[in-house]
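Look for chain A in each of the two complexes below; its partner is chain B in the first and chain C in the second.
Now for the complex of A and B:
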């Protein structure tokens, strides 16, 4: 890959992140109401106290450049202020507490569904009209069209409430996380099973449908005929020639989805009361916890940008034509 | 997997003695087990390849027979859609999913390939019959280095080691005149002519008995076209390749081929030595075809055209398929499929103008 291509992509990503930071600053300054009134929550405050508070937080200074400089300075240092809802906790620590469960649930779900979806889609497309295609593509379409809570509800009804195999919600039983080594992991796995199944099933359809059409498109390319003319086995034609080309559109989709992983699968997390960023978003929204929302917004936006950068780089490795 | 270096089974009279490691078109391994050493290299008999289209069958190749002897170059000519490419691809059954070989035989060293299962047929692809596709830009995989694509059949079909296949691929690229600094190139990094050279190198990878050139120079400009043809001709002479060249460019056939097969609407119209067919065309279609070709030495008169268009091959006319457009059409032509008349100079013609089976060469 040429340095020029890489440099261009990195610069583009950096530019986008700067724009996001500026937008994040302006968006929340444009909201009605004033921070000191929300925080102090007392309508009968004397103007002197309000003024003193404004001065303490730098709100008496003009938006540009003072407030913006201060904002950028603290953002770069990872300081996003303090949560309104979780009193005394910094936004950073509130988000840090929730990021692990989300990465575990959505990251793992993304991984499982990408591998399974690509495998099913590739096979269905290669043997178009075969059994895998008819069963797999039908199921994929149904799953793709179902929101997480529609997938999650029946799973809870059958496997948690009905059969009692798995707990209905949460990430640990009471005291479950404090048990000795294998027991705490098993407890986590039992809690993870249903939400993970929901997230995986929800994503698998999307991947397999796209992969199927990519393989079908690739299959009619001339170089596939060349590969067959070479007398290569069917499996090798698929693996070595059709698959790498069909993966090109998949890389972009996977990377964009990975960016959203950080945001959490909100409905899936809510259905299973999973303590991730998705439930945090809902909590912060209903409590009007602007600093936390601002933090989540920035985190999701930046990770989408970084995931896209990763997609561009991987694309460049897979497809020599875009390296330039 | 690698088979022992056997004595070349078919030794042409004029090939110089072989040295190990030299890139050769001659066989470096024995003939397939069931092969008949006395049989001609390739004998196609009454080949019928149809395509399923809606409720009917398109008779794309109907009753085509021809032979190819060792070291020979055969030109397949005819207008677009006459079944040239389908005929060639039928040899190794590289047909679209709706294509079927409905009858006839393709005998390579006396082994009928039509009777082979798909898996058994794979063994003959590339190793015995390889193809130079037209439009190398699309026929080469865009995301794999050209050298790796050439090495692939050596690695996977001949069972050579990765290092040996790569080395052989480099030799082949050198042979077709691609400079060694372009070894790591991807298809899009090469010019059209270079890509076609790479395609030729790939076709030579397994020392095939027969190379099919499917319009190998169509997409190239005249200068590059000439270079590629020169390369093919040189390789053919040096490696003793047997070549089937599909083209609608008659001058290419005149320059490179020993024999020519003129096809019309899925059937053979005329076949014979290039010198004979081009100087003494006997089938009215061949005459029209030659008349429709610009000649740089002749005066600038308007080119001849053939009125009408080729028949619909879902429902071809019952007699001679050229009858509706033929200037010399007779009543019998629209009813009876013309039998092949064989002339003493080796030309055979499917036309009612020549009724008796064997003819004297016309004066």
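Now for the complex of A and C:
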């Protein structure tokens, strides 16, 4: 991987982040009368108070460049303003409170679905037309067509409401988090089971479909024929020759997928009232808490850009043909 | 005089050729089991969407409800009733109309925008191409749904939720526009790369040499040659559009007065249907969404294999 390739990718990522910040700034100012309308809702305010408030929030200065510069300045310092809904709390602290549960859900979900999807896809592609391929491909296609909440709601009906194996919502029972060591973890695991299953099932289809086609593509490569000609056993050809090469597109997909997974996790969280960024998004959405919405958007968008950059760099390291 | 005759005969020959190609294509498509299955499912839902009143009567509202709250499926109400006693079969069939109309409109906007940008960028090249493709990259990187999440409420605030256009309420139109804004880039990329390779072909050079302007070259010589790609792309775009609409309505950005499947599921979610075990409030709209998206995916894959010049060489 050449330095030029790396530099180009980093520059591109930086450009995208700048564009995201600009979009975030402009979008909020696009709304009629905002943010004055929200700050100065009371019609009985005296002109002096209105002027003082406008001066305090910097609204008396022109949009460009003063307000934009101030916005970029505070954004860079991690200051995203104050939540409308959660009075007195900064957007940063509101988001920080909710980020842990989402990371837990998305991280474990990605891990499980990547391992399972890769295993199923690799086997299905290697034994093309076999039982695993036919059942697995059919199921993958159906799962791929299901929004996360369409997977989650039946899971609640069957396993929570019907069989009563798992709780229907939340992350802990009342007082469950305060119990002594193994009990609190078991409580968490019982609450995590169904949301995690939802996220994993939602992703497995996509991963196994791509892994299958990647394996099928490598199967026709010359080096596979060579490996077979050397007299290697079938399993060894798959593990040592086909599999590592087919993993290349998977690495990219898993990294690029981050935005899609977060989007899906938002709806899964809503179904299970999981106290993460997804339920926060909905609360902010129904309260029209724009600072929080903007903060979440900025966080997700920047993470996605960074994940893409990571994918490009990893790909460049793994595949010596990439020079940019 | 003889010149006009030859132009006319060339034109009729071209039409004959197109007819033959269409028949060959239809024959090849009908050989694809998955594609045909998708087509049948889609046709069934299209019929429902065209005349919901014919099958289940007018849309049931809180005041026009015909059953009791949370009624389980029975002989009178095959799919049971929701938390306000509205017949689920009635609402699901009407949901088909809303969901598919939104999906169709969003697909049209996405395609028109994506195709125009792709053609212009690919044909002009240089600075125009560079700028347009940087913008496209920006939208490709950003997750559609997360961008839609922040765009939709802002746009609804700008136009006002109660405005109406052609009988469709503003909230739904905003969803259409948001899907368009967030998903045109993929189409633009595909069309641009095909335009780039078409531009090098002899017939484009010939047209340029006889003095045909760029606008006409794009319309008459390049556009007809990317129609295949547009068709294959349209079907997959439709699937994504229905998926995005369902998700946005589910999280509460839809319109309760014109319920799509996502909106019906939103109702089921807020009334706690899943926790109460009221599966009939979830299954009909959820199954409809999955069937329609699956049908489009199957058709899209079949069409992509048949029409996309790059996909054909695979396998």
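Quick note on the criterion: the second predicted complex is superposed on the first by the 314 of 324 C-alpha atoms of A that agree within 3 Å, B and C clash if a C-alpha of one lies under 4 Å from a C-alpha of the other, contacts with A are read in each partner's own complex, and residues count from 1 in each chain.
In this text, contacts are C-beta pairs under 8 Å (C-beta built on N, C-alpha and C of every residue); 3 or more make two chains touch, one makes a residue touch a chain.
This one's a predicted model, so the numbers in the text were calculated from it and none came from an experiment.
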| task | Check the residue A:73 against both partner chains and state whether it touches chain B (first), chain C (second), both, or neither. | result | neither
| task | Please indicate which partner A:130 is in contact with in the superposed arrangement: first for chain B, second for chain C, both, or neither. | result | neither
| task | May I ask you to decide whether A:282 touches chain B, chain C, both, or neither, giving the answer as first, second, both or neither? | result | second
| said: With both complexes overlaid on chain A, does A:147 touch chain B (first), chain C (second), both or neither? | reply: second
| If you stack the two complexes on chain A, which partner ends up touching A:65: first (chain B), second (chain C), both, or neither? | neither
| query | Just chain B (first), just chain C (second), both, or neither: which does A:138 touch? | reply | neither
| query | So, A:160: does it touch chain B (first), chain C (second), both, or neither? | reply | second
| request: Compare chain B and chain C by how many residues of chain A each one touches, and report the one with more. | output: C
| message | Quick check on the superposed pair: does A:304 touch chain B, chain C, both, or neither? Answer first, second, both or neither. | response | second
| remark: Footprint intersection on chain A (chain B / chain C) at none
| said: Please output the residues of chain A touching chain B within their complex, sorted ascending. | reply: 221-223, 225-233, 236, 240-241, 244-245, 248, 318-321
| query | Residues of chain B touching chain A in their complex? | reply | 92, 94, 122-127, 130-131, 133, 135, 138-144, 152-153, 156-157, 186, 188-189, 202
| field | Complex contacts: residues of chain C adjacent to chain A | value | 134, 137-138, 141-147, 149-151, 153-154, 157-158, 239, 243, 246-247, 250-253, 265, 268-269, 273-279, 282-283, 286, 289-290, 293-294, 297-298, 314
| message | Help me check something: in the complex, which residues belonging to chain A touch chain C? | response | 12, 15-16, 19-20, 27-28, 30-32, 141-142, 144-147, 149-150, 153-154, 156-157, 160-162, 168-169, 217, 258-260, 262-264, 266-267, 270-271, 281-282, 285-286, 288, 290, 293-294, 297, 300-301, 304-305, 308
